[in-house]
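I have a structure here, written as structure tokens, and I will follow up with some questions on it.
Chain naming follows the written order as A, B, C and D, and within any one chain the residues start at number 1.
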Amino acid sequence: MLRIGIVGGTGYTGAELLRLLARHPQALLTVITSRSEAGLPVAGMFPHLRGQLDLCFTEPDPGTLAECDLVFFATPNGTAMRAVPDLLERGVRVIDLAADFRLKDPALWEQWYGMPHACPELLSEAVYGLPELNRAAVRDARLIANPGCYPTAVTLGLLPLVASGAVDPSWLIADAKSGVSGAGRKAETGLLMAEMGESFKAYAVKGHRHAPEITQNLAQFAGAQVGLTFVPHLVPMIRGIEATLYARLVDPAIDLDSLFADRYAGEPFIDLMPGGHPDTRSVRGANVCRISVSRQESMPGVVVVQSVIDNLVKGAAGQAVQNMNLMFGFDETTGLEALALLP
Amino acid sequence: MLRIGIVGGTGYTGAELLRLLARHPQALLTVITSRSEAGLPVAGMFPHLRGQLDLCFTEPDPGTLAECDLVFFATPNGTAMRAVPDLLERGVRVIDLAADFRLKDPALWEQWYGMPHACPELLSEAVYGLPELNRAAVRDARLIANPGCYPTAVTLGLLPLVASGAVDPSWLIADAKSGVSGAGRKAETGLLMAEMGESFKAYAVKGHRHAPEITQNLAQFAGAQVGLTFVPHLVPMIRGIEATLYARLVDPAIDLDSLFADRYAGEPFIDLMPGGHPDTRSVRGANVCRISVSRQESMPGVVVVQSVIDNLVKGAAGQAVQNMNLMFGFDETTGLEALALLP
Amino acid sequence: MLRIGIVGGTGYTGAELLRLLARHPQALLTVITSRSEAGLPVAGMFPHLRGQLDLCFTEPDPGTLAECDLVFFATPNGTAMRAVPDLLERGVRVIDLAADFRLKDPALWEQWYGMPHACPELLSEAVYGLPELNRAAVRDARLIANPGCYPTAVTLGLLPLVASGAVDPSWLIADAKSGVSGAGRKAETGLLMAEMGESFKAYAVKGHRHAPEITQNLAQFAGAQVGLTFVPHLVPMIRGIEATLYARLVDPAIDLDSLFADRYAGEPFIDLMPGGHPDTRSVRGANVCRISVSRQESMPGVVVVQSVIDNLVKGAAGQAVQNMNLMFGFDETTGLEALALLP
Amino acid sequence: MLRIGIVGGTGYTGAELLRLLARHPQALLTVITSRSEAGLPVAGMFPHLRGQLDLCFTEPDPGTLAECDLVFFATPNGTAMRAVPDLLERGVRVIDLAADFRLKDPALWEQWYGMPHACPELLSEAVYGLPELNRAAVRDARLIANPGCYPTAVTLGLLPLVASGAVDPSWLIADAKSGVSGAGRKAETGLLMAEMGESFKAYAVKGHRHAPEITQNLAQFAGAQVGLTFVPHLVPMIRGIEATLYARLVDPAIDLDSLFADRYAGEPFIDLMPGGHPDTRSVRGANVCRISVSRQESMPGVVVVQSVIDNLVKGAAGQAVQNMNLMFGFDETTGLEALALLP
């Protein structure tokens, strides 16, 4: 059994990790830390874990964490980068669900996250944990930068188009919509149900942190400069991301369905729906990305991609478990077999 | 007092007309028809009207309708075009909230609505009832084609850009999101709360009827051919439309806020929010369109417009009352003063 | 025009007062205070007021408030009781939307609100502002204690039964359900949409502050000791309260519909629905209480009452305006004519 | 592997059975029937099953069903009673998720379900499938009447009180609230999201079919006549039932928590939360019933019980799988280990 630690388990990403690991046949959760909640039984904060998890939150302690085979960081941005070097030195492998190791360029990190990076020397080693992009590297990684929720949905939706040169990469548009759990578990009036319920809006229209992450992903596969306009929106629902993506086709005659089918052949967590309209409920609680690609007769030069995931599963905790499975040689789908909860 | 008739008042558009007209100081509702509900008190179907409206639904009867000064059609597409010619002949003015008279080209109508047009000769006379586009024509109209909900939000958001030549009209993208009341009051499993709740999806991604309507609106103001990619989405909320619009700027140096401010100076129902993120709740129940225009530093050549309305008010019944006010010389805002219901 | 001040206008009750007063033909809002938001334009916090209200929040200042004819307190419990005596002395009339003056017994106040009362001498003068209970007293009041949301729905539903002696007052049960806006606009994780959405629960099952308020109301009309079990619940919606009330009939043969019809004859804001199932959407945004009373064949000795209101309107701000109308001799319905927003 | 058939798998109960059985290690789904959808791939109707279930709906055929070891009926009331006798004769065991075999008295069935019973002779043999009531009988049953959703929540909440004689059984009140999936997957305007969303109401206040079922359950354990007032409500959410139960204590001094703890000791799917407020999200998707029992200081003679379940899991499909596990000697929790999906 793998000995597992979680640092910062009081947010939604942490809670989802707990839900998945509690049923993973190879994982033994040995420690979960939280400065604010130290001493509190985990099940006291998350009633769905009652009777399933006897752990209490504890103060973060390097010694205890060092006894783990793997430590997940489900902490605010900027926390993991301070603790990770020591853990790696002690031979612990790490999956960071925050943004600390996602951007390869420390200047870009500082620009978007407002603080200098604490261990830029690790950025080149850190593996971006999107298995559909670089499965082999994930297997051997000591340190995984688990992708953001928006970047997972958008990158998977655009990758076949950009990597094949089918579209002009300098003119990409990603209109993304997220359920409110994506905003995290923070005591802010803006996140109250009476503020967010029954309403829809765009936010961060001037620019969002996830844009440079998406650009970095696609740039590795694009022949030319990547130009992306990314606009996120808040949907009055708890879970789910839908991204509608627009790009200009180099050759309108291309067979889009084959292009996607070839790219994602054999992928266990990608489901292509030719001619379909994937809805977020079809992936609620499941580690799946459903994708549909199409064109409109009146504008055959524009490709439209729909990509849906559960922001807390394939967009966070589920993807982290998928990476764990690869890192430790388990079947990639272990502990991720649950079907979506519908209705 | 204006004598008013409503044909087909059992849908959400009809219900919203009833709510607004019941408080309009110049309007006297004298007849409301419904084949299916004839005999039923209106307040029996819509409890919020209890004690406010003593009318019962009646069988449609040209004689009774002919005694009205104005008749609203809140009927399914294809109904009004059969009854309107007779009413006009009898000297009754008409506002059609369906699509029958929106498209000037009968062939386009037949293509998108699946039936030949019953009175193509009226298409040229019919005035498209978007006052911000053609207020003068509305004043003198006998027959108003009240705009669709999506076309209202999208046209108002793109008009200043297209009319000024600030953007390339052949490359427009409209990513629109609507609350579920936009799908109407139909007994379909796809519209059940257990199907639509807590889920988000695109629909009609291959092409939607409102696209040609939007294109027709913009073409009148564009120097060149209009090319639009329009993708509608369903939001798990009851009311509201948000459209996020993307276009390529001819001159990235343009002052966008001034452009919009000049275009909409003095408009009573348009509220510009420079640098803002208009949310649909801010227009819930109100006849307002809130617009914000912006750019992202990384892609200065792309303009992003957010436009929000209440699909049942500025997107349907409220706009119809606004047109009525203009047609009969009332203050344009009469009966439309209510503030949005927030939270 | 009545000169009006609002103390503490940043919560939902304050926002709703602003929405209603902005359209009240006799009310001129001259000052609105907020320590935390002083200097901020009101419309900056509440976008639905944009273009309708030019006021900014200001620091509370007795001098300025003293120039008002009427001051509303939309403050947390325990605030009004400190400022009201001075205002009354200066000849300003006051409506407190908080709980400070609702309980006649200062000991009961201290027990439920955790602080000694600052001006117990005013408790006897303060008039409980439920017009259906004591309209005459409201007209002449200097100081109104505006009722709580639950007490309004429950008291109006039980009053005809208790006042007529039709039920055993020692055995009342009130199972009440409220939308989340009832919990207020507080930055607490428990109120986040991701916590409250798609979930239902009871709370304060051991006892809630509104229980003694309801008991006090009914005790004035009951021949015997009032015994009430009150359990509040949270509904995943923004507005609305539904209370289902259970009591034991003294004489099962009684005509319940007549009993209620007689009690509420002529009441402008009470709508009886014999045999109906009032839903909260039918009062959304409206100052109405809809009531239905019934019995089940298998248990003819138990009366079941359904009572619905909008917690922010008839349960708070609307009722406050109704009281204002009575205090200053306006028509009781002035500014409260708007129909519910449905759907 | 158990060979399983499902009759009528197009509703929410059927869909939930499919979700659970698709992951049950001992179950092999061999046939699923639907007259209306015969020929359609199951995954075409339920996208969350894509790639997990290759079956198509087929016309009901006794021959095919006879090859199963177990057949579930997820059909409208009145369907199973016509087909079950033949299947039992062919040696197939049956679990009916509808109401056909729940009421022991055929006259009561006819009164509440509006049709004579087709095989009253089986009513005495049919075992009411609430394991916490009669686990032993379930093990040996040929025919299981799977309980209704409300009766599961209400019976489990009242059983310890009634069976122990702690309360007066002639004076029970059950105020129950259900998510909208409880109303089924029917094309009715009353079930549209635009009708049910953001609104709360009671229904069937004059009497509901589940009342006699609950009464029958409790009567077996009550010393005296059972008198129940049952009022169901609709909550604007998809899944979940919360029942708040009120009863009169014979001896107010009783230790309620011990009473419940003793009754439910060792029950795998009942979780007692002393002093807690169970919320429906804590059981979303899980086969758990969470119960809390309490009293209010001001009314010590009244016991208040909160009971929550997921109406589609412990209230329907999950309970059916629990019964299947017992009938075929599997561990009672097999295939039901998934934790609730929170948030």
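In the analysis below, a contact is a pair of C-beta atoms (placed from the backbone, for glycine too) under 8 Å apart; a residue touches a chain by one contact, two chains touch by 3 or more.
Note that the coordinates shown come from a computational prediction; the quantities given were computed from them, not determined experimentally.
Identification of common neighbours of chain B and chain D yields A, C.
Shared residue numbers account for over half of those found at the interface formed by chain B and chain C, and the copies are therefore classed as meeting with the same residues.
Centroids built from CA atoms put chain B at 39 Å from chain A.
Note on chain placement: the centre of chain B and the centre of chain C lie 37 Å apart, centres being C-alpha means. One inter-chain figure worth recording: chain A and chain C are separated by 45 Å, centre to centre, where each centre is the mean of the chain's CA atoms. Multi-chain contact residues of chain B (touching two or more other chains) are listed as 12, 179, 181, 194-195, 197-198, 236-239, 278-279, 281, 284, 343. If each chain is drawn as a node and touching chains are joined, the picture has every node linked to every other.
Residues of chain B that touch chain C in their complex: 12, 15, 19, 22-23, 46-52, 181, 197-198, 238-239, 271, 273, 276, 278-279, 281-286, 290, 312, 337-343.
Residues 12, 179-181, 183, 185-189, 191-198, 236-238 of chain B are the ones touching chain D in the complex.
Within the complex formed with chain D, the chain C residues making contact are 173, 175, 177, 179, 194-195, 197-203, 205-207, 211, 215, 227-231, 233, 235-240, 242, 244, 246, 275, 277-281, 284, 292, 294-299, 302, 304, 306, 308, 343.
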